[in-house]
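All chains are identified by letter, namely A, B, C and D, in their written order; residue positions are counted from 1 within each chain.
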Amino acid sequence: MIAILKHGTTPAQMEHLVAWLKHMDLDVHISQGREVTILGLIGDTSRVDMELLKSLEMVETVKRVSEPYKQANRKFHPNDTIIQAGSARIGGGYFSLIAGPCSVESEEQIIEVAKAVKASGATILRGGAFKPRTSPYAFQGMKGEGIQLLVKAKQATGLPIVTEIMNISTLDLFADVDIIQVGARNMQNFDLLKELGKTKKPILLKRGLANTLQELLMSAEYIMSEGNDQVILCERGIRTFETATRNTLDLSAVPVLHNLTHLPVVVDPSHATGKAHLVEPMACAATAAGADGIMIEVHNNPSCALCDGAQSLTPPQFDDLARKVRKLREVMA
Amino acid sequence: MIAILKHGTTPAQMEHLVAWLKHMDLDVHISQGREVTILGLIGDTSRVDMELLKSLEMVETVKRVSEPYKQANRKFHPNDTIIQAGSARIGGGYFSLIAGPCSVESEEQIIEVAKAVKASGATILRGGAFKPRTSPYAFQGMKGEGIQLLVKAKQATGLPIVTEIMNISTLDLFADVDIIQVGARNMQNFDLLKELGKTKKPILLKRGLANTLQELLMSAEYIMSEGNDQVILCERGIRTFETATRNTLDLSAVPVLHNLTHLPVVVDPSHATGKAHLVEPMACAATAAGADGIMIEVHNNPSCALCDGAQSLTPPQFDDLARKVRKLREVMA
Amino acid sequence: MIAILKHGTTPAQMEHLVAWLKHMDLDVHISQGREVTILGLIGDTSRVDMELLKSLEMVETVKRVSEPYKQANRKFHPNDTIIQAGSARIGGGYFSLIAGPCSVESEEQIIEVAKAVKASGATILRGGAFKPRTSPYAFQGMKGEGIQLLVKAKQATGLPIVTEIMNISTLDLFADVDIIQVGARNMQNFDLLKELGKTKKPILLKRGLANTLQELLMSAEYIMSEGNDQVILCERGIRTFETATRNTLDLSAVPVLHNLTHLPVVVDPSHATGKAHLVEPMACAATAAGADGIMIEVHNNPSCALCDGAQSLTPPQFDDLARKVRKLREVMA
Amino acid sequence: MIAILKHGTTPAQMEHLVAWLKHMDLDVHISQGREVTILGLIGDTSRVDMELLKSLEMVETVKRVSEPYKQANRKFHPNDTIIQAGSARIGGGYFSLIAGPCSVESEEQIIEVAKAVKASGATILRGGAFKPRTSPYAFQGMKGEGIQLLVKAKQATGLPIVTEIMNISTLDLFADVDIIQVGARNMQNFDLLKELGKTKKPILLKRGLANTLQELLMSAEYIMSEGNDQVILCERGIRTFETATRNTLDLSAVPVLHNLTHLPVVVDPSHATGKAHLVEPMACAATAAGADGIMIEVHNNPSCALCDGAQSLTPPQFDDLARKVRKLREVMA
């Protein structure tokens, strides 16, 4: 870590600062320049509070040279992590096609969708049981019952399942779930992350709507620092001023993350765009950007024609998408 | 709620949609125009999933006419809510000066700061015991012990105390806390909000870094819908492209929220700006914008001269600020 | 256009409003509901100032049903516009590979790069002559002389050329330029747009860093409304809170724009990401998203080894990229 | 300027880089550390292209130690600049109350408003003659005729006038204008800035919707570097995800800018918020934050009752605001 001190810092101020840094078991290498003084901090700087350091008046700027994440860091773990979840593998060249309905609604629905997406090549079934909703008055999901229906769909198709947890007190309900999802709104619910770090299950960690990629990696680090190194990162759009799409899908996240970390990176174009007709082009784009998987909402509701065209794809639309994605993957190999 | 359907929607599609809406106990008033068809939805539309409705291809746009929050809504509760927390009142003309250190560090520290800020006119003592930190390797606060020290400072000064909760499983530790704070990162931790809604304690709810004011009100509604109507809203900066300040303090939030809700609104300029020399001007600005209170970080660390100038104010700096804020309040009365 | 009036609007207020709207030659269709009153405005609403209408206290919301752009609108011009620029075609299935150095530096440099990118399959040569720079003290480009060198490179290779204009007073210098570029910072320099609308040259219009896609289309409309319908839209990244990339490349812009307009859409991943190693994955992603072309910075500076790895690609790196993009295009056909 | 090189940079790479930097007349001071190598660049670094330097693969980070603006920099010009515009002074303790209609509409209107705002204490009259509009079909202002009417209002009241320029070719029309305004969309129209730098008139420079404060200062530097040091900076809201207000007024800009520059800083709450009822609280907040002036839209249209409540204030509303602002100024003195 490098701290640059402002011109005019007094020797007494600097002495105080250096003493404080040494108190944290850091070696401090001082390089006095004409305009500025540069402190090189050597040792375990992951404990240093950068925000506090930056906020000191004498400090011009602080720059981490070594990243604050260790276990998620590709530098210390050059090979891609490959995550095994039931029959599916994600990362290190294994591409995952994750598909399923936004919410689990009934046994019939989830099994029918599961069969359909499997037939089109999906490798993992998704479906919401606990639903984080902006409004307390909105449908909050089928909860435990929803998970049981997902497990039935898994038994019927062999597809591993992924579903979201909102509260660690419900962890027991996830015994047969293959991948536990942490939603965007909980990306910095640090207590939840720590508890999931104590499990042995793969965790699919969604990027928060206003979180930087470094913060995403720090949240992965929370899980990994407790002993669970099975983390899948998921880009699902960030908040910007643009309103033509629900969120702005930040596909540069894929190569940036691949550079910084060995963890697999998947992309969710359904939630990011919020419109069915944008899902296929963005799924193709994510694939071409090198994503290790994509998550697609698929519904199957023949009695409800009105839903055609919503954010979810129909099984035939998903079949088309899966075919295109496969062709792109072949070309990129 | 108004839904505008696109030109070209077929009668069959519209019939399906209307049937679906009526299924949710809504009356649907259809107004067929030349270019568009407008559906007026009458009844309890707070249960309608706007995102789903918007994502339908046939739907041009959806607009709530009545806000999705009820208990937080000024329309149904025109008078300002006044919250009593120990000896302090907030809202409805009562202004709160909340001050204290970022983290509780020792009994000596917290009592000294508490006495200092009280002498300058603070009405509530703040101090972090559970600290949400981006890094798992950073100091996470004194936790339960920190709360006990806050309680001692309360006994020594009579100041009511506010401190942050991160996990509902620690609720018992907050028995003697006067106001429970929900941090920005947990603003949409809906399960935590619901549980806090079952307590009788005032909740200070901080706006998330990427959350709209309407989402802040919906999170307040989560607490209120469980029976706890003692919610204080707190603006503490949002994330934008600007890097000159840590976050961008959105002071327009104050009059906007006062218009929409009867709940008190306080402002935290210390976290928003991240620099001590910006705290006083932004505290004054918040006061002039009509805030019901301000939250200021104050430390007292004579042995650590280096901290002077960081985000926290020293007691004499706070004393100056408090005097200015009082003068502004008098003028505005 | 639909205007929804608030509950409580008096008949007198509404009468005033309706009179004002009729004064603008609009028909007003009033639909009085229980909670709200809806005004349907029929006629040429492109002249109505939505911001003013919205700012009226009695108005709940205003929604355009017909887009405010006409000539750029796919509804009135369903077929893709194909733009011919020298030997190159863009749009309607014709894909353009635009490449060249950030700045024109010398005759030798630009001709060498032009030959190299042509050999790799580039169809258009780019190069900056007038350079918009944040600092008045930075190099502002070779200006007119730079354009002359671009013209020499065009003569040497047959590649059509694109370069940026910053000031309409320099238009004469662009006589032999095939496509005139309007930079992101000038996207809403309306006087410049109007003047370019009076020329017969194709215009490559870059999206501003904080501009919505609708604003981009309105700026295209400025050019088209003066008689020049040869506009190419360019996504080059928007400003967000994320700092891992220089800007956030918004690839959803490609399918969104294709839906709204018949104009071709190209993507510039070099400026958006600011790092060479991100250019290829994002160029592939843009191609897979359906872009009509990509713009890539390529330099050729054997005497300056330090530049390897900067935002610009070397000719061999560009050759690799071009090959991948071609393969993706084949698969997508 | 400090450049930190990555671990693993070869001596040859470093040699190339150092040679390149020396070529720009910079002294380079090398400090080789264990983890990184730090280059201190000494000399006129304002010509160094930071973006290019940053984009080199071997460069970890680049940090300016001295700001890239000189003439706008408080370090080299510690005393506040006081700008004289007709009878008005702005900056250095002189507070300006700038008021007037959004657009000049008629002689009667502008003179009536001018008299009204003068009676309430306004020191400068504002009014739009050239109007930058998102749509080519919207009213673009009365142009030269509008300026003539402003001049008549100036003659009638003695108030100096400020109005916006969009195109340098219209400069002659501004001969009797006291302050020329550059709108947010033209903040980085560098050619316009340079031409205005050759005039002797005070320039009111509005911050762009997606521009950082440093970029605002660099744009001021463009004007000043041509010889005109009469620049007034104006905060008018930035673009964020929040939609409750038209833009997000960034009031922290006031103390941040006061710290960095000697130029006066005014605030425009009318355009930022877009709603009349938010103008007064935000004008008060801007005043308390230490702004050197505020710009307020005031209309006077007795025949058009519908306009009451729009973004513009009525003369009586403005009179209230002016009184409050004056009281706040007294308290802050």
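Structural remarks
The rule we apply is simple: a residue touches a chain if its C-beta (ideal position, glycine included) is under 8 Å from a C-beta of that chain, and two chains touch if they have at least 3 such contacts.
The structure presented is a predicted model; accordingly, all values stated were derived computationally and were not measured.
Pairs B-C and B-D differ in how many C-beta pairs touch across them, and the larger number is found at B-D. Relative to subunit A, the most remote chain by averaged C-alpha coordinates is D. With centres defined as mean CA coordinates, subunit D is found 26 Å away from subunit C. Rounded to whole angstrom units, the spacing between the C-alpha centres of subunit B and subunit C is 39.
For the pair subunit B and subunit D, the distance between C-alpha centroids works out to 31 Å.
Contacts with at least two other chains are made by residues 210, 238-241, 243, 277 of subunit D.
Here subunit D touches subunit B in the complex through residues 210, 212-214, 238, 240-245, 248-256, 259, 272-273, 277-278, 281-282, 284-290, 324, 327-328, 330-332, going by the rule given at the top.
Residues of subunit A that touch subunit D in their complex: 2, 4, 7, 29, 31, 33-36, 38, 40, 42, 60-61, 63, 65-66, 239-241, 243.
Note for the complex: subunit C touches subunit D at residues 12-13, 16-17, 20, 44, 46-47, 49, 51-52, 54-58, 68, 132-139, 166-167, 169, 185-186, 188-191, 194, 208-210, 215, 218, 221-222, 225-226, 238-239, 246, 274-277, 304-311.
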